[in-house]
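Each of the next two complexes has subunit A plus one other chain: subunit B in the first, subunit C in the second.
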Partner chain A sequence: MSVSSGKIKILLKLFASLRLGRFDAAYREYDRGISVAGVIRIEGLPEKEVTLMLVNGRHVECDHTLADGDTLALFPPLGGG
Partner chain B sequence: MDKILRIDMGAKGGPKMTESPAGDYAGLGGRAMTSSIISAEVPPLCHALGQDNKLVIAPGLLTGSAAVMSGRLSIGCKSPLTGTIKESNSGGQAGIAMARHGYAAIVLEGKPEGSDLYKIVINDKGVSIKVDNSLKMLTNYDLIDKMKGEFGEKIACISIGPAGEMKMGAASIAVTDMELRPSRHAGRGGVGAVMGSKGVKVIVFDTSGLKMRQPKEPDKFREANKKFTEGLKSHPVTGKGLPAYGTSVLTNILNEAGGYPTRNFKTGAFEGASAISGETYADLETKRGGLATHGCHTGCVIQCSGTFVDKNGKFVSKQPEYETVWAHGGNCGISDPDAIAKIDFLDDTYGLDTIEMGVAIGVAMDAGVIPFGDAEGAIRLVNEVGKGTPLGRILGSGAEVTGKAFGVERIPVVKHQSIPAYDPRAVQGMGVTYATSTMGADHTVGYAVTANILKVGGFVDPLKPDGQVELSRNLQIATAAIDSTGMCLFIAFAVLDQPETFQALLDLLNSFYGLSLTGDDVTALGKKILTMERDFNKRAGFTAQHDRLPAYFSKIPLPPHNVTFQVKDEDLDKVFNF
Partner chain C sequence: MKKLIDTLSHHAEGDLLPLAAARIIAEESGLTVAGIEDAALRSGILPARYARNRNTISTDKQRILFQSSVAVVGCGGLGGYIIEELARIGVGHITVIDPDTFEEHNLNRQLFSGIDTLGQPKVAVAARRIKEVNPAVTIVPVRDAFTSANGRGLIGKADVVADALDSIPRRLELAEVCEKCAIPLVHGSVGGWYGQVTTQFPGEYTLQKIYSRHGGECGIEKDLGNLSFIVPLIASIEVSEIVKILLGVGSTLRGKMLSLNVLDMEFTEVTF
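Now for the complex of A and B:
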């Protein structure tokens, strides 16, 4: 699927409580240059509850800029073991 | 909780009991107690299944009190699996019962001649020990049903299944939970085999009329308990994530982070992870009428467990833990949550460590005994272990023996014990813990997943070697101390992040015993325990060269990040420089 100019396509995955009333995983289009914080805002996710952010399997901070084709995984605080 | 019960199982004319004040061991609990007795009294070069080894069972310092989360008990011995000192701890109700009966430790010593099997019963009249050969080769669930028939519902039990009687390296010791199910286990290191070698099938504690242990300073204790509870409830992990999704909530994040060991540690991501995630298990439990939020012992406010039922609402097992779901799931290429729950029940009832069994089956799959992904085959193999067939005996001896028997090169063990659910290449702090732990590969003793993956207690990049030694060192010290208090280790998520919750834990200990411990004293206790354990292992023949991961972790890169374990040997040797 082609992406219109100025847009990027990412795979957004939500886990644990962030899924409730939303979705597990979906391809989304955003403006080029968008940060992880931007995605959280646009998707209406509770900012304080999104504490673990992985882009392509690596931890990032919320100011991380996303690139076309990235996988962004968002988690609330987790523990176990 | 000031007396020690010793039972010499090898005494002439039958087992001989002695009860004495704690003496030199007064003021110790949990792991501090078990490791002190083992290091002082067990010859490090003895055979772990021989007469000179001892099995020490000890509740924590606060177990049996009103302190929340304090129900754990420690079981120590020289491990028949690792050859090192061993402390394996468990939740369930028996620690509380034992502490309220006044025992700081029960020590099983010597070795009986012959093949009689014994039942120990502890009630308000005292201790009795009797031969009961009708219990031979009973599974844990059948055994507990029999004990309920004999003694009623007001009991708590510590027991072994057939695996312990067969003295297998993967044999666990079961502890009954609040529903009197033998679902909580001191799993690791073959402690069940040592109990089996002593000829003891079950210890039954009568719980009727038992009184809570009382603090020296009740007002302060009550206040500290309140603050401690508030701290646990307000922390998002202990207050929200663990109750809702259980420990398997980790499946997805480890998988996303590329650190979820898949098909005998071939890759770090499993395409079937979602089907066996904490989210899926919680969803199934809720839809089918099981229970997604449940505690394993009285006084638990985290409630990370649950009850798993089948499509018809019939009990299958307690909610399988993350490690179990990984070992029998992703590690074996299996993504069927029902099959994994069924295996969890089989492990519990045969009395097997779910980690050792899952890793052993993964190694067997690697050798082509059955294919990866064969859930029915895996169930069949666990049943072979329970029956003690020749193949079952090999698997039940653990991953290393299995790998040797089938000529497998990639055997994920350290000091003969299976590496659990975090690949040391993609979670390098865990690699340091596995390599250097006094227990063999063990995740609980220095849970670097906190800072490596979960961003609890800071962040240390999991894919790089920097900072991992210090991280593992500090966690190993703190854990040794926590394992002595009777507290569930999951309090650490809140304690690491919230200084006031750590202070509340100190206040609980201080007000209970009339002490004035500081954080430094807790650190000193942790160091003392580790030093004692390291010394035992040294005398048992362990050197710096044993503090290493299998070589392939440094040579074969792990997809998807294509990383190898990068921490240098000379840095591993610095973990215990304190």
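Now for the complex of A and C:
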């Protein structure tokens, strides 16, 4: 479970259609200081399909800086009625 | 009034008023069925259609529902089920807003669509349906698109507003009008196997947070479409939220969003 210096480990959870062809949840290592937007970019997630972001179950904006041990949950937009 | 109460008591079967009796009294008194049932509820007599409600919803609470007003914005998938369930549980005043007519691609999920109603205005079909389901309900069909400009006039008198729209920008306009009118808003939306619901009161801005990063008209439903079973699931949760708000009971999704994924059967609660 040890994380190399300068890295943080987070649990990344993908919801709804974001997990199609990807994964439900996975532990990932990123550079310390990475933002939610940085994770979206590194993971190659389509930016327009990630509109709701939660860290440890609470809503955050995409410039939120992640900390070691965080759980990041990403949701796509639903607009149908 | 005393004469009317005596007549109601005479026709009641125990403490239940059958519809046939309400109709006879309405004809004799010149009042509407809605007026008769209102008088009955005020006298502790329950219209018989609500007999299976009453161990959960008392006659007093049934009267509160009957005197309540809900605006349903959108009369497609979510809206159809929301209107049906509101009328059946006994919400007395329902305003239905939608500019569209039924098209063939609505048939996979929209309750009021059928072969015979294709091409007809959705709100007109809804009004006909509700008169069959519960003639005591006052339904106001508005064949118009909801906008920031006409919104206050359309929903301003509602106790609660139901979001059954199919456009994210229109939803945000609706949230803004509800904020200005100080009306609670129950939001639902769907796409593919997925759906979400939240309830927001003035000052909470949950919907604005949900869609804060979104710039387009649609969400994932543009690619995934909408399936028959997710629509009534989300609509029913929206109605349960509306009823709780009207009656002041239970716990709602204020400050939270419930996300449903029936493909993996995961229900996730998000906190704002």
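Operating definition for what follows: the second predicted complex is superposed on the first by the 77 of 81 C-alpha atoms of A that agree within 3 Å, B and C clash if a C-alpha of one lies under 4 Å from a C-alpha of the other, contacts with A are read in each partner's own complex, and residues count from 1 in each chain.
Throughout what follows, a contact is a pair of C-beta atoms (placed from the backbone, for glycine too) under 8 Å apart; a residue touches a chain by one contact, two chains touch by 3 or more.
Keep in mind it's a predicted model, so treat the numbers as computed, not measured.
Peer 1: Would you sort A:Gly38 into first (subunit B), second (subunit C), both or neither based on which partner it touches?
Peer 2: neither
Peer 1: Does the superposition put A:Cys62 against subunit B (first), subunit C (second), both, or neither?
Peer 2: After superposing on A, A:Cys62 lies in contact with subunit C but is clear of subunit B.
Peer 1: With the two structures laid over each other on chain A, which partner does A:Val50 touch: subunit B (first), subunit C (second), both, or neither?
Peer 2: After superposition on chain A, A:Val50 lies in contact with subunit C alone.
Peer 1: Where on subunit A do the contacts from subunit B and from subunit C line up?
Peer 2: Touching subunit B in the first complex and subunit C in the second, residues 15-17, 24, 49, 51-52, 54, 57-59, 73, 75-81 of subunit A appear in both lists.
Peer 1: Taking the complex as given, what residues does subunit A use to touch subunit B?
Peer 2: Where subunit A meets subunit B, its residues are 13, 15-17, 19, 24, 49, 51-52, 54, 57-59, 73, 75-81.
Peer 1: Considering only the defined contacts, which subunit B positions touch subunit A in the complex?
Peer 2: Within the complex, subunit B contacts subunit A at residues 235-238, 240-242, 244-250, 252-253, 256-258, 269, 274, 278-279, 304, 321-323, 443-444, 447, 449-450, 453-456, 459, 461-463, 489-490, 493, 560-561.
Peer 1: Once bound in the complex, which stretches of subunit A touch subunit C?
Peer 2: On the subunit A side, the touching residues are 15-17, 24, 48-54, 57-59, 61-62, 73, 75-81.
Peer 1: Using the touch definition up top, name the residues of subunit C that touch subunit A in the complex.
Peer 2: 74, 76-79, 163-168, 171, 188-196, 209-226, 259, 261, 264, 268, 270-272
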